[in-house]
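Input: structures, listed below.
What follows is subunit A paired twice: with subunit B in the first complex and subunit C in the second.
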Partner chain A sequence: MRPITLWRYEARRTGWAAVLGPPLAVALGIAAALAYPEPSDTTTARILLGGLEMAVPLAAAVVCSTLIGQDPAREVQLTVPTPYRITLLRRMIVVLSWTAAVAVLAAAVLIVTGWWARWPQNHGAFAGQLTWLAPMLGLSGLGFAAGAVLRSPAAAGAIVTTVWAIQQFFADAVQEHLPGRLLYLFATTRGAATDDWLANRLVLVGAGAVLVALALILLGRPERLISEEDE
Partner chain B sequence: MKDLLPAYAAGSLPEADRERVRLHLADCPRCRAELASWQAMASADTEPPPDPATLVRAVLTRSALTPPAKSPPRRLRHLAGLMVAEARLIRIAVPIASALVMALGVGLVLLQATAGADLVLALVAPIVAAAGVAGTYRAGHDPAAEVVAATPTSGRLLLLVRIALVFGYDLALAVTASAVLAATGTAGAASLNTLVTAWLGPMALLSSVSLLIAVRFGPDVALGAAVGLWAVRVLIGGVLVRDGWLARLVVEVWTTNASVLTVSAALTIVAFILAGREPPGVRHATHRV
Partner chain C sequence: MTAFGASLRYEFRMQVRKRSVWIVPALTLVLFVLIGGSLLRDLFDPGERPLDPRTGVVGLAVQLHALLAIGFGCLLADRLVRDDRLGVAPILDATPASPAARLLGKYLGAAAATAVPIALAYFGFAAAYAIDIGQPVAMAWALAAFAVVIVPGLLLVAAFALAVPMIMPAPLFRVLFVGYWLWGNIVSPEMMPTLARTLFHPLGGYPLDVLFDFHGIDGEDTWAGPVAGATLNVLRPDPTPALALLSIVLLLIVSAAALAGGHVLRARRIR
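Up next, the complex of A and B:
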């Protein structure tokens, strides 16, 4: 099988939620900006970047949390020479790549139109891409790991949305201490300390990588994936 | 010697053996007791059988006079059996994660009073229930889907039972969380009634939307749609945009009122109508002429 055929197959397996989620998340940010009753350059730019930082990572993370536990051909997957965790990792890469493509396109439009520069804490056109990339990797890693532990998309999705919501509602409390600031998902648009921004982004990327590695270790025991239906 | 006792009781032993048994019985009380039981049986055989007409009349009279044993109606027992069977199919991770998420929300409200208890419950309870409902409907992925399609029990009834279990559990969780927050006084002046009103309508609406989409498009799309709608509520009318017509509209929809509950009921009914069809994954499980 040619590699491109394999990747196209995995893209089809990810489903409509993965395809429609990121564009809808970007649209949500634009709708929020349009709906703001007292628009100003700074406020509108914050909402547009907020859509990229808040909505896009959530869309990717929810899809990643559903990758494990919904495959009807799981038993078949476990019998083929390719380890199933590699297949799941491949599907996660497809989801994140598509989300990244949409986010880059949206960011490019914001940069060209000048809205990107109107938010004071934009951190530039290049490093500023960590605005959506870091929370996307961190939250998606959490969703993937939660799916591997719980083996239930519903439960893993609830965990992801709860963490996201807690960081929204308790932004001040979460950022009160350094560990919380380093793991805060929305440091670009709601960050308490600008100096911690780069460290925060790198820690989120690292946390996402660690969580994915943990999930892959857990997925190395295929019998856990089969026995879930017998519970 | 014991082997000879039945024949001795029936009187069919040869003379020599009968004498031998008789001598043994004189010294063995255990064999005498056993012989007595054999003799009782032998005498019972000689009694005339009861008159069939008398026997039938007696049985009918007795059954007419004896009240029936009190047991739950057959339909209720069937339903209870279904609930037990469906409860086994719900993955244990779902109720555990739901309880953890709700406990986390309550814990954070108790520790940090920056966000109102009613707002936190209005946002946490609906997404927990909607995620559970989305994950509950697994027609295409259910290992027993083809068996279900071929059994006399209606697929709608099975779905109703499963949804009742999941939604009922999340409802109980949310009521418990509200009671805890109202009892501790963290919610300020908010009473239990106010707290329940904050989440009941949104929970019903988001769960019904999630169920309808799960039935039509599958659990993944349903979970994504539920999270998307929920994120709209959080970001518009909360975090990003607090005022304006769109924010007011979103907040108005995210409340408990007659319109929201009616729409939720209508969506649920539509979902159950759609669920009566064979699931997409097993479209050809049964033959139609």
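Up next, the complex of A and C:
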């Protein structure tokens, strides 16, 4: 099978939620910014960047949490030469690449139109891309790992959305201590300490990588994939 | 046994035995305890907890409802579409049992089972708090808050969680649902147009304000009524007991409408 055919197949297997989620997230962020009744440049810019930092990673992570447990005949997948975990990793790469393409396009529009610069903690056009990249990788890693542990898309999706919501509801309490600040998903638009920003972004990227590695180790045990799952 | 009773019992037993129905709220509570500032810790700290037991247990209801309802909705999002995916739906459709009765049984059974850990957590913490402060009346307030505030909110979430995945993939529903939950419950009306603090408020702003005289843990929050400078104030009349009741009825009517929508969609598909 030619690689392009293979990747096209994996892209189709990720489903409509993967395709529609990121653009919908960007659109909702823009709608929220436009809906602000007394617009000031800073607040509007903050909501626009907030859409990239909050909504886009959530859309990617929830889809990543459902990748495991979607194939109706996993036994067949386990018989082919390509390890099933590599297939799942490939699908995750498809989801994250599409999300990144949408996010880069949205960020480029914000940079060109000047909205990016209007939020004081934007961290520049290049390093500032960690605004969406770091929470996307961290939260998606959590979703993928939760899917590998629980083998239930519903439960893994619930954990991702709950962690996201806790950080929204208790933004101040979560950031009272250094570990909480380093793992806070929304450090660009709701961050408590600007000095911790780069460390926070790198820790989120690292946490995402560690969680994906843990998931791949778990997925290396085929008996976990064909035993009874939490349907 | 009626089709409604049978499907309710079956769905309840099937759902309550799922590990994830217990794991998700348990992990949520662990995270909740780990972060500072939540009532799960403050209720047992004599220096931090509210002096009035009613404020304590109603505040606990608000916090647990706001947070645990997210996992509740996500866990229920695959219940209706799952029957089609597993190929069970055509077999059930071939039986003489009414599809509407089966759907209602599934709705109430699966929702009740998924709410069991939430009820246990809430009443467990409320009982510990009542014992700690030596005021059994806190349990009476907890029962009232559960019935009036948490149950209508969860019924609304369950209805949409069953119906909406009929028209969009379940993961997309989960993303939109948590976004809505934040926007329609927590976002301040001064910040952007929101349904928070209106008559249609799943966290129960009007009942909290009127029936429980609840104004936040520190007594400084407003949960219902017009907000100066906010849009959609037409949906925020001054709170009265009748409006509190209307607010609960509104949640139940919208729940029924969502469920009816799900039923119509299913009926069209099998025709």
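As a convention for this text, the second predicted complex is superposed on the first by the 228 of 231 C-alpha atoms of A that agree within 3 Å, B and C clash if a C-alpha of one lies under 4 Å from a C-alpha of the other, contacts with A are read in each partner's own complex, and residues count from 1 in each chain.
Here is the rule we go by: contacts are C-beta pairs under 8 Å (C-beta built on N, C-alpha and C of every residue); 3 or more make two chains touch, one makes a residue touch a chain.
Quantities reported herein were computed from a predicted structural model and do not represent experimental measurements.
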{"item": "Fit or clash between subunit C and subunit B when superposed on subunit A", "value": "clash"}
{"item": "Subunit B versus subunit C as contact partner of A:28, first or second or both or neither", "value": "both"}
{"item": "Which of subunit B and subunit C A:170 touches, first, second, both or neither", "value": "both"}
{"item": "Partner chain in contact with A:136 - subunit B first, subunit C second, else both or neither", "value": "neither"}
{"item": "First (subunit B), second (subunit C), both or neither touched by A:16", "value": "both"}
{"item": "First, second, both or neither for A:59, with subunit B first and subunit C second", "value": "both"}
{"item": "Contacts of A:211 with subunit B and subunit C, given as first, second, both or neither", "value": "neither"}
{"item": "Partner chain in contact with A:180 - subunit B first, subunit C second, else both or neither", "value": "second"}
{"item": "Which of subunit B and subunit C A:50 touches, first, second, both or neither", "value": "first"}
{"item": "Partner chain in contact with A:110 - subunit B first, subunit C second, else both or neither", "value": "neither"}
{"item": "Overlap of subunit C and subunit B interfaces on subunit A (superposed complexes)", "value": "15-17, 20-21, 24-25, 28, 32, 35-38, 47, 55, 58-59, 62-63, 66, 150, 152-155, 157-159, 161-162, 165-166, 168-170, 172-173, 231"}
{"item": "Residues of subunit A touching subunit B in the complex", "value": "15-17, 20-21, 24-25, 28, 31-32, 35-38, 47, 50-51, 54-55, 58-59, 62-63, 66, 70, 72, 150-159, 161-162, 165-166, 168-170, 172-173, 190, 228-229, 231"}
{"item": "Subunit A to subunit C touching residues, read off their complex", "value": "15-18, 20-21, 24-25, 28, 32, 35-38, 47, 55, 58-59, 62-63, 65-66, 150, 152-155, 157-159, 161-166, 168-170, 172-174, 176-177, 180, 230-231"}
{"item": "Residue ranges of subunit C touching subunit A (in the complex, touch as defined)", "value": "18-20, 23-24, 27-28, 31-32, 35-38, 66-67, 70-71, 74-78, 82, 86, 168-172, 174-179, 181-183, 186, 191-193, 229-231"}
{"item": "Parts of subunit B lying in touch with subunit A, wherever the complex brings them together", "value": "91-94, 96-98, 100-101, 104-105, 108, 111-112, 114-115, 119-120, 123-124, 127-128, 131-132, 134-136, 140-141, 143, 217-221, 223-225, 227-228, 230-232, 234-236, 238-241, 243-247, 281"}
